[in-house]
Amino acid sequence: MPNVIIDGPPIKDLEVKRILVKEVTDAMEKAYKIPRQAYVVVIKENLPENVGVGGELIIDREKK
Amino acid sequence: MPNVIIDGPPIKDLEVKRILVKEVTDAMEKAYKIPRQAYVVVIKENLPENVGVGGELIIDREKK
Amino acid sequence: MPNVIIDGPPIKDLEVKRILVKEVTDAMEKAYKIPRQAYVVVIKENLPENVGVGGELIIDREKK
Amino acid sequence: MPNVIIDGPPIKDLEVKRILVKEVTDAMEKAYKIPRQAYVVVIKENLPENVGVGGELIIDREKK
Amino acid sequence: MPNVIIDGPPIKDLEVKRILVKEVTDAMEKAYKIPRQAYVVVIKENLPENVGVGGELIIDREKK
Amino acid sequence: MPNVIIDGPPIKDLEVKRILVKEVTDAMEKAYKIPRQAYVVVIKENLPENVGVGGELIIDREKK
């Protein structure tokens, strides 16, 4: 703790995940001033058929 | 925001997801009176071996 | 289960919460076809100083 | 409700999940004194490329 | 990580929280075999007007 | 969406929250390449009596 859960679309490139976790941890370390080892970041990858924005599935919005 | 996370069993039919997201968004729009585009609904599909009810895995309950 | 967590701004009126929970449960019952008693809806009320949209706190956006 | 969400690495052995759900439910039942049937435990299995600890992905830490 | 989020009603007695966190951690340590220091348990206390079961707020069910 | 939930200790200084939300959003924008307005960050402030690390409440660890 502190813990972060990120809910977003899938990320294909491992390097992008690597940088995302590093930078989010940097931001938290500045805010909480707790030893770096304590921060946990979990990336959740959600399919476009499982996310709705404005009442509409992303998979349907992408088709338009 | 507002954001909703729904944790349930898998939903096979895309049309069911479509209606679920629409109706949950309708309900939120009535409650929060924020522009519709702001609502996000995320459906999480959980395997019956990863959910316990009453201390027992769903996969074990289904066998009974 | 299924469980829903709604993260939104505070809701002052109890009747609004009552309707929100009822309608979200109605929507889930249609989707999952599980006995009504199984559905849990948790409303989380977040202060405008604890939510950022587009990188900016809501409390700051409201001042503009 | 009460509901528990456990975010951890994958668990290969079903028996381990079975015991985990049982024991976490036992602990909650002692704390909340609500009928056992009400407790829901959801296990989330996260890949080592989707979890960062101390700003570093687990998949990278394991290589070291 | 592993992390646990428990969503339940308020717990008045600190000793109850102490035991809950200890026992849930014991259960996870047995399952994941990761050093004990890594486990985080977060207890969320929810008001009965913010939780719905079976489509009805707990605050309304308690009155019956 | 993408959405972030940060579970940490209370943050007293509004400016710290402001910077945290901005920097976490910056990191996500780089990763997901979605218009900035779509990112939501929710900060959850947890009391030291509601968080356990290594099976022990933070409120008890701080006393040591």
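Letters A, B, C, D, E and F mark the chains as written, and numbering starts fresh at 1 in each.
Just so we're on the same page, contacts are C-beta pairs under 8 Å (C-beta built on N, C-alpha and C of every residue); 3 or more make two chains touch, one makes a residue touch a chain.
It should be emphasised that the depicted structure is a prediction, and the values quoted were computed from it without experimental measurement.
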item: Any chain in contact with chain C as well as chain D; value: B, E
item: Chain whose Cα centroid lies at the greatest distance from that of chain E; value: A
item: Cα superposition angle of chain B on its copy chain D, in degrees to the nearest 5; value: 120
item: Interface numbering overlap (same over half, different under half) for chain B and chain C; value: same
item: Far-end chain from chain D, centres as C-alpha averages; value: C
item: Centroid distance [mean C-alpha coordinates] between chain B and chain A, Å; value: 19
item: Computed distance of Cα centres, chain F from chain A, in Å; value: 13
item: Per-residue multi-chain contacts in chain B, two or more chains; value: 1, 3, 5, 7, 17, 24, 26, 38, 40, 42, 46, 51, 53
item: Arrangement of touching chains [line / ring / star / complete / other]; value: other
item: Every chain pair in contact, whichever chains are involved; value: A-B, A-D, A-E, A-F, B-C, B-D, B-F, C-D, C-E, C-F, D-E, E-F
item: Residues of chain B touching chain D in the complex; value: 7, 46, 49-57, 59-60
item: Residues of chain B touching chain F in the complex; value: 1, 3, 40, 42
item: Residue ranges of chain E in contact with chain F within the complex; value: 5, 14, 17-18, 21-22, 24-26, 29, 36-45
item: For the chain E and chain D complex, residues of the former touching the latter; value: 1-9, 11, 16-17, 19-20, 23-24, 26-28, 30-32, 38, 46, 51, 53
